[in-house]
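Take a look at the structures listed below.
After this come two complexes, each holding subunit A, first together with subunit B and then together with subunit C.
After this line comes the complex of A and B, so read on.
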């Protein structure tokens, strides 16, 4: 198959990239490895922050449906579901695997919007049934309508951990504790935390999980307070009667496709670890490859969508199509406003490092 | 403390509370939004212009005299940070909170929880209404609980028995 633009990943970033590239007149193939569009958003039943005029106050899942409709209605976009991009071949083909079948796609421009993966907990027994990533639990709950257990320990009190605690309580489960190694709240919005505190869900800061008991399934988890060197303090252990442990200690960009295609990666912990060097126009060090969304650095759905729009429009522009430069400037401006919040200090620091690296390499 | 464990202090709460005289006149919004986050549905939802904000990331400000207690902002706020407080009645105060759980019955007696999730008094469910969220497609249930006099600034959630 030939196409002007291949978009890999059908989350907020990929859907918006496809829409903008198609709007400028490019032919677009959008591949998504799941059987549905939406990415992480299909699991988000809570209402989003942001501009009311642009969908804030709307539940993530509804935003996903609106974008998916716009993608499906666009005649320039071909959507391939249950299709995974597995890599770039020497002849310039991007190989897509669709239910066992290999489809080579020859694109002029590639936008990588594959999202992120959850970090795992380096502790013994963290691989027994009953220990899951927060994202996996959300998928079971919201996509398949099942709960893996009844009594939960949540490790990590960032936005994802505290939102999961709330969603679990809504689903009728008991959240025995949320623990975090930090001495005080890090990235979590206080309003998300107050929501679970007033329900009586215990939050233990400066705590970690030190032991998971169980053989076939989690039977209990022991938490303990930690000192400045993150070592457990003897005598502070508490054994919790839980059957499920949710890990939400952070995300890191999925970079294997970029790595394989030769995109330069750089270590920026504030953005989630290894991230692709890219400009504000979402161009990478590899001509013709663009990135957007969590795959380019961990942020949010609202920022992922804006980055997707920029990547889609810039890719179209690089193809020689006409795009409205003022649109691109407006999206950059909106990104700037969203990133302006005082609690995003660390993120801004990470982005600064990234933009310096992009400048050094002369990326526009 | 909020920055440490997500529990507001008495000072934090009092700083957001409407004046006692205003609460005696009837239901009024109290905005427990603590942080400068990029968000503004409260401003957009208010029909009287009572809520204002300097920029998208500023903390919302409310003019209690302009507030008519309609609860549209309560339904719109994605942070579930706004509630109505009312001390106009003799038989008890009223708090109205957004409630995204299986709904209680009107007349049901419940245990009332404070910001820490501790049971502090008994309450009775007085009213359940469904108001539109900003996008109008979604509705948020808002539950009004009758609580003992003097508890309007403390009750923030309830537990069914």
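After this line comes the complex of A and C, so read on.
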């Protein structure tokens, strides 16, 4: 198959990239490996933080539906579901696997918007059943209506951990504790924190999980307070009767396709680890490859959507199509304002490193 | 390990009931389930064992990234059960080792 633009990933970033490229007149193929569009948004029942006009107050699942409808209604966009981009060949073919069938796609421009993966906890026994990614539990609970356990410990009190705590309670599960190594809450928004406090869910700061017991699956977890050097303080241990441990200690971008395609990656911990070097126009070090969303550095759905729009419009422009430069400037402005929140200092530091790297390489 | 019946925000529109087999044992799920969600709803926690140390593994990411939930489905090994829709009559098994293809049989 030939196309002007191949968009890989149908989350907020990929859907918006497809819409903008198509709006400029490009033919677009959007591939998504799940059976539905929406990315991580399909499990987010909570109302969104961010700006009102950017969807704050709207539940994530509704935002996903609105964008998915816009994608499906656009005549320039072909959506391939249950279809995964698995690799790039020397002749420029991107191989798409669709339920056992292989479909080579020859695109002029590629936008990689594959999202991120949840980090794992590096302690003994953290590999046994019952220890799950927080997002994974949210998926089981909200997409499939299944609770994977009854009594939960949540490790990591950022937004995802805190949101998961009250969502578990809403679904009828018992949350025994939320722990975080930081002395005070960092990234979690107060609306959500207030909710879990009101529900009586204990939040232990400066605490971590030090032991997971269980032979075939989790039977208990021990938490303890830690000192300045992150070492457990003897005598502060508490063994919790839990069958499930949710890990929400961060995400890292999915970079395997970028790596294979030769896109330069650099290590920026503030953005989630290895990230593709890219400009504010979302161009990477490979001329025809663009990135957007969590795959380009961990942020949020609203920023992912804006980056997607920019990548889609810039790819169309690079194809010689007419786009409104003032639109692109407007989206960049909005990104700047979203990133200006006081809580996001670490993120801004990471983005600064990224932009320096892009400048050094002369990326426009 | 249960289906959510009452939820303040979501209503789960479950499709028709689907019969499948896990390690030979009959189980039930719904249309719309993935293999992994149906197993979890049936109380299955151990999906496979690790290749070298034979440690038990369940699902981990539930979105097709991490390979923790690989199983043998209708004889085909290494299927990501968390993103594979459940189908009527499927035979799901735990993989021992890396899995075999049996092309010669």
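Simple rule for what comes next: the second predicted complex is superposed on the first by the 363 of 364 C-alpha atoms of A that agree within 3 Å, B and C clash if a C-alpha of one lies under 4 Å from a C-alpha of the other, contacts with A are read in each partner's own complex, and residues count from 1 in each chain.
Heads up, the rule we're going with is that a residue touches a chain if its C-beta (ideal position, glycine included) is under 8 Å from a C-beta of that chain, and two chains touch if they have at least 3 such contacts.
Since we're looking at a predicted model, the values are computed, not measured.
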Fit-or-clash call for subunit B and subunit C when the two complexes are aligned on subunit A: fit
Touched partner set for A:120, first subunit B, second subunit C, both or neither: second
Contacts of A:338 with subunit B and subunit C, given as first, second, both or neither: first
Touching partner for A:170 - first (subunit B), second (subunit C), both, neither: both
First, second, both or neither for A:135, with subunit B first and subunit C second: second
Which of subunit B and subunit C A:33 touches, first, second, both or neither: second
Contacts of A:254 with subunit B and subunit C, given as first, second, both or neither: second
Computed vertex angle (subunit A) for partners subunit B and subunit C, CA, steps of 10°: 100
Which superposed partner A:98 touches (first subunit B, second subunit C, both, neither): neither
A:236 touches, of subunit B and subunit C: first, second, both or neither? neither
Distance of closest approach, subunit C and subunit B, by C-alpha atoms in Å: 5
Residues on subunit A lying within both footprints (that of subunit B and that of subunit C): 59, 170
Subunit A-facing residues of subunit C, complex: 1-4, 6-10, 12, 14, 32-34, 36-37, 40-41, 45-47, 50, 55-66, 82-83, 85
Residues of subunit B touching subunit A in the complex: 2-8, 32-41, 43-45, 55-57, 76-81, 100-101, 113-118, 133-135, 137-138, 156-157, 159
Contacting residues of subunit A [partner subunit C, same complex]: 33-35, 40, 45, 59, 84, 117-118, 120, 127-133, 135-137, 139-150, 170-172, 216-217, 254
Subunit A - residues contacting subunit B, complex: 46-53, 55-59, 62, 169-170, 183-185, 188-201, 203, 205, 302, 337-338, 340-343
